[in-house]
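Okay, here's the structure, questions in a sec.
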Amino acid sequence: MTDYGYRDPYVGVVKAVIKSINPDVEIIDLTHGIERHNVLEAAVMLAVSAKYFQPGTIFVVVVDPGVGSARRALVIETTHYILVGPDNGCLTLMAEQDGVKHVFDVSNTKYRLPEVSSTFHGRDIFAPVAAWISRGVPLEEIGVEISYDSVVKVRIEKPTVSTGVIKGQVLYIDVFGNIMTNITQREVDEAGFQLGSKLLVQVGSKRELCTYETTFSKVPVGDYACYLNSWGYLEVAVNMGSAAEKLGVKQGDVVVFSRAS
Amino acid sequence: MTDYGYRDPYVGVVKAVIKSINPDVEIIDLTHGIERHNVLEAAVMLAVSAKYFQPGTIFVVVVDPGVGSARRALVIETTHYILVGPDNGCLTLMAEQDGVKHVFDVSNTKYRLPEVSSTFHGRDIFAPVAAWISRGVPLEEIGVEISYDSVVKVRIEKPTVSTGVIKGQVLYIDVFGNIMTNITQREVDEAGFQLGSKLLVQVGSKRELCTYETTFSKVPVGDYACYLNSWGYLEVAVNMGSAAEKLGVKQGDVVVFSRAS
Amino acid sequence: MTDYGYRDPYVGVVKAVIKSINPDVEIIDLTHGIERHNVLEAAVMLAVSAKYFQPGTIFVVVVDPGVGSARRALVIETTHYILVGPDNGCLTLMAEQDGVKHVFDVSNTKYRLPEVSSTFHGRDIFAPVAAWISRGVPLEEIGVEISYDSVVKVRIEKPTVSTGVIKGQVLYIDVFGNIMTNITQREVDEAGFQLGSKLLVQVGSKRELCTYETTFSKVPVGDYACYLNSWGYLEVAVNMGSAAEKLGVKQGDVVVFSRAS
């Protein structure tokens, strides 16, 4: 997972480095379309996607606005997985969700490429580190164990519920303009929203009527729906339209759901 | 083949699900750039691409505006291939082209993921179904056989020819702005168009002169050419330009070719 | 590497053709996001990426504005690699960098697909040729050996240095708007630029102050930096911004660096 996009040969070169160290490893592109330098987006997308991967999978995440600065390069061993990436929080939501076991600083590992650039650590550090791990090199040999306390974190605020009102935050806006919040089944139940009930969704000064449903296709074309999305989070969508555009929403915005009666 | 695009981790997660069921299966991305919810585009692109794949290939097509509604999930066995996708027509052009053998409704298959969301059947139904098929589970065990008559179809109208005039339809506009029609060699021969002859191409109120050639690079830069494209369909292009933009054409538009003398 | 983009199924079909000839070959997508018909961009990106791939790798490059014309289809054997693509220069920077051993004209090879279209030689010629090479068919059997002198070249002008002024050219603008020039460590040393020194960068009538650093994150957000990029070329960037947009630069533009004192 990177923010390299699909125009430059960055991703291809990262794969070439991995395959030249371990030709037998299987590489899956989670996505390279993370918004440039959007560490929170990377952290969220990694956390929601991870459980669909087999235990033992090594995740390489390169969303790295601080490349070339003093930020560390990390390997985090969690209960089921191994995470490789910069020390800026992009790994931490998933690490905490799966359970942190050990953290290693690999900034100065001998398992880097011989020449390390200041701007492309995906190729020069993260790819070779991941490839050598996949070949069975022990993590202790690759890096220096450090405390998870010292790791830079990304934190999602917890949504709050009071008498039928949920206040949450926009975690992510997908390519369809669907707005994913940090609200889960638990808060929806606590607020007592029922399937089919009408809600008001408010972002900034905009307020719209939406129906709490199982999915967006349950409401008429052009109408707002909200539903627990495929990752388990409350999402606002417009059937056959872009909710994010219509509401003028961006990542991090506060969003409030209340009953419309 | 999906309309998931390249920004979100949807495609990566679908592959993770497939690989966790069958690590040995080979996955080829046909494209994930189908226009959102454009079932006809998916159907056309699948039909033209399919024959380049080896017999036995399993195609997973997820262009699925009706996800979460009552639309069925299908597996279609054709003469050479197996097609997996929603019952909205996206599989039918290819199925009819290759010859339908059996159709199965897999909406309630036990080979789904344990939890099925309302919005991401690519991950929860289509991916695991395809993966289990690739492992050799018989189709009868995965779904319930149904009649092809009951399947939702996408139909392309046949082009018509009369005294040197061909009337067809725009099937697809590619990333270069080239306009692919539903007209084939047969109609071109019937209309008597010769290589090098000048034609008028008309879409709506716009009419332009174009040369019938073997390819767009045969005409001067900026000029219109039409030719049987690499899939075998008559296509209109502007050498080093975008014909779709210049003609203001969209998918489904009627397009008329006539001799320019 | 192609300019096919990610919307159409072109890339998927090319892979299907390769895999149907050699199911065991490993395919890495270098990029399919080369600007349409931009042969120089393809040539540059291939040359900078190549060394990260294992010796023996076969590179297929299809950026091919002349497809369907008389331009030849080539296979170039270099010291470590085999290059397959059209005779328009897209292979030549890399070929000369790695050392040309033999060149073959494969335009009329019997290892093409049975039907060759006028517009999709990636599928009909280059993919099958590469796949058969990967299966061990000798190059002499696939094509006719020709002289490298007869091959169409892409040439990058050499940068010039005089008394603390370097005059170079824009080779490439990446997806972040970073401007890569043809200037290397050698010219920077010759001009006597020191890390941390202030430079003037001039493109057309625009002139901006920038700091020569190891990477863009060393300067304040919004400021210009220049640095030897991860491929070894002098690059101009704006920290968290797009230098290309701010300077109005395009590929091929002349760019001049001088001391700002």
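Letters A, B and C mark the chains as written, and numbering starts fresh at 1 in each.
We adopt the following convention: contacts are C-beta pairs under 8 Å (C-beta built on N, C-alpha and C of every residue); 3 or more make two chains touch, one makes a residue touch a chain.
Everything numeric here is computed off the predicted structure, so don't read it as measured data.
**Q** Rounded to the nearest 5 degrees, what is the angle of the rotation relating the C-alpha atoms of chain A to those of chain B?
**A** 120
**Q** Have a look at where chain B meets chain C and say same if over half of the interface residue numbers show up on both copies, different if under half do.
**A** Different-residue interface.
**Q** Could you please state the distance in Å, as a whole number, between where the Cα atoms of chain B are centred and where those of chain C are centred?
**A** 32
**Q** Indicate the residues of chain C shared as contacts by at least two other chains.
**A** Residues 6.
**Q** Residue numbers of chain C touching chain B in their complex, please.
**A** 4-9, 11-13, 15-17, 19-20, 23, 36-37, 65-69, 117-120, 123-124
**Q** Within their complex, state which residues of chain A touch chain B.
**A** 1, 6, 26, 28-34, 45, 48-49, 52-54, 57, 174-176, 214-218, 227, 229-230, 240
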